[in-house]
Amino acid sequence: MLAHLPVLQVIVPLLAAPLCLFLTRPRLAWGFALFVSALAFVISCILLQQVMSSGIIIYELGGWEAPWGIEYRIDPLNAFLLLIITAISTVVLLAAHTSIQQEIPRERQTLFYILYLLSLAGMLGIVATGDAFNVFVFLEISSLSAYALIALGKDRRALWAAYQYLIMGTVGATFILIGIGLMYQMTGTLNMDDLSRRLPEVEHTRTVFTAYAFIIVGICLKLALFPLHLWLPNAYAYAPSIVTAFFAATATKVAIYLLIRFTFSVFGLTFSFTALPLRLLFLTLGLVGVFAASTTAIYQKNVKHLFAYSSIAQIGYMIIGFSVSTTTGLMATLLHLFNHALMKGALFLALCGVIYRIGSVQLKHFNGLGYQMPYTMAAVVIGGLSLIGVPLTVGFISKWYLILAVIENGWWPVAVLILLGSLLAVVYIWRIVESAYFKSPLPGRGNIKEAPLSILLPVWLLVIANIYFGIDTRLSVQVTQAAAMSLFGVGP
Amino acid sequence: MGHYNYWIVIVLMMIGFYIVIAHGNLIKKIIGLGIFQTSVFILYISMANVDGGTAPIFAEGICQYSNPLPHVLILTAIVVGIATTALGLALTLRIKEAYGTIEEEEIQEKDNLDC
Amino acid sequence: MLIAAILAILVVMVMAFTRGFVGPTLYDRILAVNMFGTKTVLLISLLGFLMGRPEFLDIAIVYALINFISVIGVLRYSDSSIFKDRKLQKKIIKKSS
Amino acid sequence: MDILISTGSSLFLLIGSFLCISGGLGILRFPDFYTRMHAVSVTETLATTMILLGLMLLSPDILVLLKLIIILLMTLFISPTASHALAHAAMRNDLKPELDQKNKDEVMPSNP
Amino acid sequence: MTAIAIVRLKDLFPLIMLSGIYSLLSSGFFVTMDAVDVAFTEAAVGAGISTLLLLVAITMTGRTEHPVRHKPILALVVVTITGGLLIYGTLDMPIFGSAQAPVHLHVAPRYINDSMQEVGVPNIVTSVLASYRGFDTFGEVVVIFTAGIGVLALLSVVPRPVTVAKINSLNHLLHEQHLILRIVSKTLLPFIMLFALYVQFHGDYGPGGGFQAGVIFAAAIILYTMLFGMITARRVINQSLIQVLAAIGVLLYGSIGVVSLLNGKNFLDYSILAGDPVAGQHLGILLIELGVGITVTSVMIIIFFNFAGRREYLQHLKKNNEGNNDTSC
């Protein structure tokens, strides 16, 4: 059975979703989804371990060899991403039952879990596959379920946010489709590995250039890179809080993965960064993104909005690391990918607890919450510190590598700007801390209890992971290093 | 001149795309999206064409077939397209119920009032 | 001869299209679409023969069906209030109850 | 025999095409909805029959013939039904077949 | 032919009709480009199902479009840049229709030359779809399933219990309005379904397959629903049964993959299903096409029922609210 792990990784949640339809009781469906997600997590652990010890795993679906059939190709990068996604999904699902019971009407709860599993399977499929068109198919599975999940939010603005996301997401996907089509036209193949071998022959053509541009723009739409980020804040703010926690920690990561995969593995580094002034473009967009989004975050009244803008800023950091495009830079990006998943997972889950108790995430409702929900707010504070990049948290590690990478490249001003960006994070985190600990509660609010254990437990699981990986960096650094090396092994 | 076909497709594609971004009516946006996608399908199918070829179904005495792979891809893409359309329309209906309108600008005004 | 017929049908399609484009009433458009559909059925059958692969008549059958169903759909849903005939519905409900 | 078949089919196709065109002219030139519909539905049935008959004469094997017959039957069923339904709906929704009051024909975009 | 479609798009009030025509035109184009399977699907989906869905939708949302207040210059700029980039990209493309294009030289020849020996199905599109790239198709089925679940999650309403008198009155109303339509459709229905089955199982030899058959079958049921009313249709077709069927289709597809997995082959490798690999392939394709057909039929029905059901529900609400709050949204 071990040989089939790559495909099991994807089809277990994929087949579990329709099975879930037979479980009419939401609690059963939840238990089943949790079980499946945990199983996927175990599979991804084994996969990572296999990849680290014995190199790339190739799995041919349907038994047809690569350029004719579809293949799954697991290298350290995918395995790492699979691990992040399944881990976050499992932790988030732990809290799901309590939160969902309150936020979604009972008859839709089972449907919620089905969509959740489909979304999970879609993301895993995108990451695992080695075929360009298969990426598109699974991209659509995950996005369609994402639209529906977001629209399940209580507020009517959730619907509008979901619609906007649908339009932007579909345009993005269609752009990717155009790009894949043009690539196919020039090379006659859809397999990524095969593409990377055949593209250099035709890389001077304008068609390939256009294909690259379309794929990048399409991915950036999904990625919510700075000027194309408009759908993200509302989608995150009005979705059910569990969904926010899940997507904030995983969805953009998948898009970053695609960006890295297409740039480094498919098109190859030399092409990617010589055809367009991409390095500069990404660097600028990343930096502007960090500043614009952080500044906007400071003025938000809704804490979910605040963190959503902070997510956009964090994406900016990842893009900066990507634009440096050295091993260290890529390592920084991947580390930040991992770390950001941990922090945002913890933060949004904590917000989930807050919503469970007080039903709102307006900043003014946070007043005095530090004493009423001490554990939840402590988690928020630690997550926030991590976001700023204080030593002993994971945020520090990734910022450290990022600055290292930038300085290695001799871009001193950029390093200074990154530090300045972190200062902005201090400001918006401080606003939460201020209202939670230094303001008296709003009058007329009854006694508020601590969030229920079923939410608190996953929150603290993530918080502890935050600190643990901030101190003991061996695992994450080792894996990201291997991933970055393998990417550069393909490139020049 | 060998590319005229692609150019027409691109013009169509851009008309669809224009409808998506410039029009405020949500249903119209979805129609635009459909046109955009259908034009991409045409692009794929055009590249599968071979002069003198016929449909890729085996028959006696025919040796020149069109390329079947883009056909397969587009079959999948059509399905994805209808799925998106259905979901988008479902969302539109809910928006109409919740906001009483399906014009982008009016919805945004109502949202601003909410805030 | 096949080509002549195809050309004729194309011309008619253009005509029907013009009518659908100009209107002026909703029903003119439906009529145009309907005509357009039947002409497409013919066109596809003719094309199949022209290309020497007449197996593709299946598609023509589907066209005919789909065309019918969508015209019915249009008419069925044109009963709704936005095409205004609520008076009649009310009358009939009253009569039957 | 071959010549007979091919001339026959050509003849049918020719008649069909002519009818088609006349129907097209009808839909384009006639003054109001009901006359236009008349033009279309009358010519359409016959034109389709003619063209399909022409093709039937050309058909190489029995399956193709069968399919053509199916198409023909379906058209004969569907086309009048659709026309009937269309006219019915138009009538019920207050579209008067009057020539001198064309302005009445405008469909009102009335949405409460 | 495509040029006609361009003109159509300048129209500001085309809405559904013309988008249906566009679909017809593009599938006509697909026929001339030899993509019969695609034309088949596009006809059934674009001109059929999506037109119907759009129709149902506009009856609920109203059909007037308000003029856009802001200037669409930005949009124009974006579109021009994108289009310009694409045209720039086409300049180095292989000439249209050239048999020497890389597309036709690398992967495709194997499908064309060997699929008959390896898969044993005359329709190359089917063999690529179901066997070589079977996993894509699996993904496609799941996409459809996702859409069904999503629509269900967004629109489902608990149907109200209805009285016999109500059913009768509605039946009477429909009967009076659509007498001829009802009779003709009733006559046609069995043939449509038969034709759907033909398309389903003939997909190996000619254009067609599970997806197209599913759409046609669903179209037949939609036709029935439109003419006989939601309530009658609900009594004929059980809602929860349909949902279960949608899941079963996906599971059927997946379980065939799992069977080959358990037999020591890779996921979706059908050659294990029968003694002879080619026969196994054939059997596998047949079964997964069946799975696709089941899922597509049931999801299309789910989507349509939920759209129409929502419409009914809203009308009901409106009737209850008439008088007290008519204008407030």
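Order of writing sets the labels: A, B, C, D and E. Residues in every chain begin at 1.
The definition used in the following text is that a contact is a pair of C-beta atoms (placed from the backbone, for glycine too) under 8 Å apart; a residue touches a chain by one contact, two chains touch by 3 or more.
None of these values were measured; they are calculated from a predicted model.
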- Message: By that same contact rule, can you tell me which chains touch chain A and chain B alike?
- Response: E
- Under the touch definition above, the chains in contact with both chain A and chain C are B, E
- Item | Farthest-lying chain, centroid of Cα atoms versus that of chain D | A
- Item | Interchain centroid distance [CA atoms averaged], chain B/chain D, Å | 30
- Message: Based only on mean CA positions, could you tell me how far chain D sits from chain E in angstrom?
- Response: 27
- Task: Take the average of all CA coordinates in chain B, do the same for chain C, and state the distance between these two points in whole angstrom.
- Result: 22
- Item | Between chain E and chain B, distance of the C-alpha-averaged centres to the nearest whole Å | 14
- Message: At least two partner chains per residue is the criterion; list those residues in chain A.
- Response: 133, 137, 140, 144, 147-148, 151, 178, 184-185, 190
- Message: Counting only residues that touch at least two other chains, what does the list for chain B look like?
- Response: 17, 26, 47, 54-55, 57, 59, 69-70, 73, 76, 80, 83-84, 87, 91-92, 94, 99
- Note on the structure: Flagged in chain C as touching 2+ other chains are 14, 30, 32, 51, 55-56, 58, 61, 65, 67-68, 72, 79, 81-82
- Item | Touching pairs - complete list by chain label | A-B, A-E, B-C, B-E, C-D, C-E, D-E
- What part of chain B is in contact with chain E in the complex they form? 2-15, 17-19, 21-28, 30-31, 34-35, 38-39, 41-42, 45-59, 64-76, 78-87, 89-94, 96-97, 99-103, 105-106
- Item | Parts of chain D lying in touch with chain C, wherever the complex brings them together | 9-10, 13-14, 16-18, 20-21, 23-25, 27-28, 33, 36-37, 40, 44, 47-48, 51-52, 54-55, 58-60, 63-64, 67-68, 70-71, 74-75, 78-79, 81-83, 85-86, 88-90, 92-95, 105-108, 110-112
- Which of the residues in chain B end up touching chain A in this complex? 17, 20, 26, 29, 33, 36-37, 40, 43-44, 47, 69-70, 73, 76-77, 80, 83-84, 87-88, 91-92, 94-95, 98-99, 107, 111, 114
- Item | chain E residues touching chain A - in the complex, by the definition given at the top | 85-86, 88-94, 101-108, 110-111, 131-136, 138-140, 142-143, 145-147, 149-150, 152-154, 156, 158, 243-244, 246-248, 250-251, 254, 257-258, 261, 265-271
- Please name which positions on chain E make contact with chain B in the complex. 2-3, 5-6, 9, 15-16, 19, 22-23, 26, 29-30, 33-38, 41-42, 45-46, 49-50, 53-54, 57-58, 60-62, 65-66, 68-70, 72, 75-76, 78-80, 82-83, 86-87, 90-91, 93, 95-99, 101, 103-104, 107-108, 111-112, 116, 122-125, 128-129, 133, 136-137, 139-140, 143-144, 146-147, 150-151, 154-155, 205-207, 211, 296, 303, 306-307, 310, 314, 328-329
